[in-house]
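A single structure is presented below for examination.
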Amino acid sequence: MTRAAAPLPAIPPDIVSAGDYERYAEKMLDPRILAYLAGGAGDEITLRANTQALEALTLIPRVLADVAGGHTRLTLAGEALSHPFILAPVGWQKLFHPQGELASAQASAVMQTPFAVSCMATETIEAVAGQGGPVWFQIYMQPARADTEALVRRAEAAGCRALLVTVDAPIGGIRNRAQRAGFALPPGMVAANLPPETAPPALKPGESAVFDAMMRAAPGWADIAWLVGATRLPVFVKGILHPDDAARAVDAGAAGVMVSNHGGRVLDGAPAAIAALPAIAARLNEAAPILFDSGVRRGSDAFKAIALGADAVMIGRPYIWALSVAGALGVAHLIRTLREELEITMALMGCRTLADIRQSDVRRP
Amino acid sequence: MTRAAAPLPAIPPDIVSAGDYERYAEKMLDPRILAYLAGGAGDEITLRANTQALEALTLIPRVLADVAGGHTRLTLAGEALSHPFILAPVGWQKLFHPQGELASAQASAVMQTPFAVSCMATETIEAVAGQGGPVWFQIYMQPARADTEALVRRAEAAGCRALLVTVDAPIGGIRNRAQRAGFALPPGMVAANLPPETAPPALKPGESAVFDAMMRAAPGWADIAWLVGATRLPVFVKGILHPDDAARAVDAGAAGVMVSNHGGRVLDGAPAAIAALPAIAARLNEAAPILFDSGVRRGSDAFKAIALGADAVMIGRPYIWALSVAGALGVAHLIRTLREELEITMALMGCRTLADIRQSDVRRP
Amino acid sequence: MTRAAAPLPAIPPDIVSAGDYERYAEKMLDPRILAYLAGGAGDEITLRANTQALEALTLIPRVLADVAGGHTRLTLAGEALSHPFILAPVGWQKLFHPQGELASAQASAVMQTPFAVSCMATETIEAVAGQGGPVWFQIYMQPARADTEALVRRAEAAGCRALLVTVDAPIGGIRNRAQRAGFALPPGMVAANLPPETAPPALKPGESAVFDAMMRAAPGWADIAWLVGATRLPVFVKGILHPDDAARAVDAGAAGVMVSNHGGRVLDGAPAAIAALPAIAARLNEAAPILFDSGVRRGSDAFKAIALGADAVMIGRPYIWALSVAGALGVAHLIRTLREELEITMALMGCRTLADIRQSDVRRP
Amino acid sequence: MTRAAAPLPAIPPDIVSAGDYERYAEKMLDPRILAYLAGGAGDEITLRANTQALEALTLIPRVLADVAGGHTRLTLAGEALSHPFILAPVGWQKLFHPQGELASAQASAVMQTPFAVSCMATETIEAVAGQGGPVWFQIYMQPARADTEALVRRAEAAGCRALLVTVDAPIGGIRNRAQRAGFALPPGMVAANLPPETAPPALKPGESAVFDAMMRAAPGWADIAWLVGATRLPVFVKGILHPDDAARAVDAGAAGVMVSNHGGRVLDGAPAAIAALPAIAARLNEAAPILFDSGVRRGSDAFKAIALGADAVMIGRPYIWALSVAGALGVAHLIRTLREELEITMALMGCRTLADIRQSDVRRP
């Protein structure tokens, strides 16, 4: 699995948006890796719905408003951020760029954008944190609590500012596109922060791999409460689409929830993440901050998510396209572009600050 | 009419879903046979609606639920089934594979999946039952009750577990795609379980082939009551879309009804079968089990149908694609794939058993 | 302007529906004539809406109903018809076939289907009536009442059974497709029933061709009342889309109204004709028969129109496609096909007669 | 940047609508200029919505109405106009034709159609006004009031009949299509009515180009009130989509408001302009005239906008396509075509005058 082309040393002038990075990445990546990156679960209904539902929302601009001196600053879980974009946890980044997570971390440092390092990173959390940017750590609950606790300790020691526990993927989604393309991790691609994988226990006859193996190992609500108690870091629960689950996460002590359908990669048929956001925001009623991802491609998408109740948004594929095309430089440029798009949207909507963004600014079709 | 290619001895790695079998079958079958298989009535509005309406339903996943030890078991008409997939009656299977229904029966035996043998099968019901799987028999009411009764006796003797009487096709739909392709049964293709066809009586001048011939021979509600009384097997009435007809079938003694539009092959303009399901489930109000087909392509489609009131689902074209591509092995692999998709959907929806699936799990657009 | 190919002497086996005739006609006609035939006004939004709105209606079939001995007969304006299809007035038929209206008339005679001869026919009404089929005559009110009266007398004398006065096209629609293709009547193409056209009076400076010329010559409601009084034939008013206009036509003495948007050829932006039908049927409340056209392509479309209030339907382009492809034979075959489609639809819907078709049989999306 | 082809000396016979000019212009213009002209902001969701939302509105025609002697006249801000089409301000017209704004002005003179000259014109307002047509002037508030006032004085002196102050673009939209194409003003392309641009003040570290530079220079409501007081011309506020802003503009003394999203060129995600019109018309309740643009391509679009509350409409891209293809002649021909389309629409809708057009004539989908 080799790239069709090496990352570019400079940003071509016809890359002016996230979608342009996608166009380039499609030509530069190995088709199998591309299928892994781009694909969603099943027939990709949810994947398509993510972007379509964001596009379908309309914004009624306000003219002649005084927004001079405005800004995009916010405070999230006690940290001051200069803008509401965060790099989502995406595993195996050496698939996309020789420097892998280190390149993303460099962009994060330059732009002072939090980088949520995946549990499946190909670089150690210590090395990533060493690049100097604000780092979060994403955790998949390990079968043995001791293993999870070890990860938590390393993340704390490395200076991570928050934990993100991903709960929407106790089993891998059925990623047919990647399967058809024959994607498999190339030899040497190793999860740098995890103990070596042990073979799962053999199934007895008649047992189901889903119900009797994978779901037996899967975490439950009690594990979330345990995790919250096991760390001094704020814990965000990633992958919530149902208001009841959002409320339960907060009850379990979570610092916040993350509305996400994992970029359409787990349950095909799940609603567009943005469609699930308003009911969750209504249920939580400001009790805890809400992060959002799945389908954000534009600064105006961030505006829409914030209007519907999010405090900040994560981007997944977009920065991986940028990473694939132009490494750390590409990621930094992408973040700058998104932030500028958000500023322009805010200015045209008459919003000086993120707090000025109201639900009534967005119309559903 | 020869196949473009012989069935494959092994399943290619890029076949990971029903849709992949379709893609292969399209290349491997004679275009006329493909037109017969794939086509629907008229402009195929209903055919397209079947899958689109299923795709449009959304599922809100639940996280961190305890589903360990879950399963897909159910009891249907007194029989224990390990999962809710049944092979729908599809006629003339030797068009698709040299072993015809025997190959499907072998997969049915291996997977313990009921196989509803078509009245238009190219193998005898005895031979099919001899493969050892659970067999149902689908009946078209014959013009002479004695002929119908003979079929019932053979089905009972062969060990069939249920009868399915198809009532939605008293006249063949207008299958324009097959007509345009010039499809006709090749010589030697014989309905192995039926008496040789006799020529219909000649029409008098001014008479209508529809109203004065075909519909005169067509069965009525009294015939259903008669059939129920003439067998000890449970009788399911296949092809119901109207709640009044569903209620009437149960009144006539049916063991259950089957919501179906015959895969879009009879009345073009009929609603997507899934759109008709909720009103029928509401009307029957658990008075009798409900089977469902027409458009099921994914385990998640089965989940959706069950949420809206079905007890089990049948698949038609999908297993014929698999049969065409890789014979019994293909059919077995397809069933396993669908079942696994269903298990994963259940797990992600927080449902341990089929009984946990609730109507509120599905949102209509 | 010559045809790409002569009409066929026999009907190819892959012509099994109106749409198949269209496909053939597209290859056989001169592109300019095709643009005239196929095109609608402006951007053809209404043209597309006509068929789409019919397709979007669903029909819930009824099973096991007793429809033996059913039929499609009706009485319309005192005439017994064997089925509810009528050939719509379409001008200049020699563009499409060397025998022009005579070929259509022959099919009309064979099938006993009324043929509404256009005011812009290329054959005399007497010659058309001489073919022995049931003939109607479509009138455009002439600037001079004497000219209109002369047409009425000829139609009466020739044995026409009804008049159709077309009121929706006081000015030609803006047929951009035909204009772009450079369509113009070829030399020798003459309106066989009309006095030679006289040049319109010159406009004074600042006058509008629309408001000061064409619309000054256009008829009004008083002219309809006059026409009704000037003939013993029933008069149908063709081209009604507003309930108020329908009521007014009946008040003016019309024998019935015809809901039509002229096949999308006059006002682009007008609603699909089928969308306008229910409100008109509600307003007239059986006070007068309702004809319907614009977009009928299938027997099931006729069923839908009847369910929503029509007594009979006209077809325009479909029979002209058939005429272009295979002359009288083609038209007769098309009528038979539509009638058979209607019979099958009725049978599957459990309707023995047209009177059994109820509004509740059709669901709007 | 050179044109692919020189403007045509005559209008090809297959140009019969605005869309035909677009088709020709696409072949005749330099691709970069075309991207600047055709493109919208971002993903062009709003750009597409503009035309789609107009197309989706339906018009129910009225037959046999007496509209003889009708007309399209109106009075707007004290001026008598023969029809409700106005040429929208479009900058840099020498990009599209060697004579630039002078050619548009000639068409405006011939057709007596107001031409709203852009603040970014490549010809002086005096030269444009010298062509003899009715001229308006569009103003972007200049950073220094003295500069704005100088523009106002020149417009007054040149005989302009109204001012249009554009308020929806305090910052340029993110025109990705033009950016990707590498569009930049060619050397020598100069804003003929503006003082030479001065470099913007440098940003301090951490400052935002949007909030701390562009939006500091942007005008506010007080500037509108000042402008109204500084001129004897009627001032229309261009670029309103929110009813509150419309009311505030009238409060500030505006002669009227212009509902527009700048042809989809500023905030991608803004609603189709036509979707915003009814609420604004309801709010203003005839307190002031309403202009409309963004997506008008047909006379029937003007009819729809007038039905929903507009007094007159502007066209942007359509006349620039015509200008590009055939200069002044093309623009005049386009205006004639639109006017004729409007007249025909009115006649078919039974409307003698613009005042006869009622909101109930338009149905929303």
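Worth a mention:
Lettered A, B, C and D in written order, each chain numbered from 1.
What we mean here is this: contacts are C-beta pairs under 8 Å (C-beta built on N, C-alpha and C of every residue); 3 or more make two chains touch, one makes a residue touch a chain.
Note that the structure is a prediction, hence the values are computed from the model and not measured.
Set against the C-alpha centre of chain B, every other chain centre is closer than that of D. Distance from the chain A centre to the chain C centre is 59 Å, each centre being the mean of its Cα atoms. The distance from the centre of chain C to the centre of chain D, each centre being the mean of the chain's C-alpha atoms, comes to 42 Å.
Within chain B, contacts with two or more other chains are made by no residue at all. If you sketch which chains touch which, the chains form one closed loop in which each chain touches exactly two neighbours. Contacts between chains, counted with the stated touch criterion, involve the pairs A-B, A-D, B-C, C-D. Note for the complex: chain C touches chain B at residues 13-14, 16-17, 19-20, 55, 57-72, 298, 300, 304, 340-341, 343-349, 352, 363. Interface of chain A with chain B (complex): residues 42-43, 45, 49, 167-168, 170-171, 173-174, 176, 179-182, 208-212, 214-216, 218-221, 223-224, 237, 239-242, 244-245, 248, 261, 266-271, 275-276.
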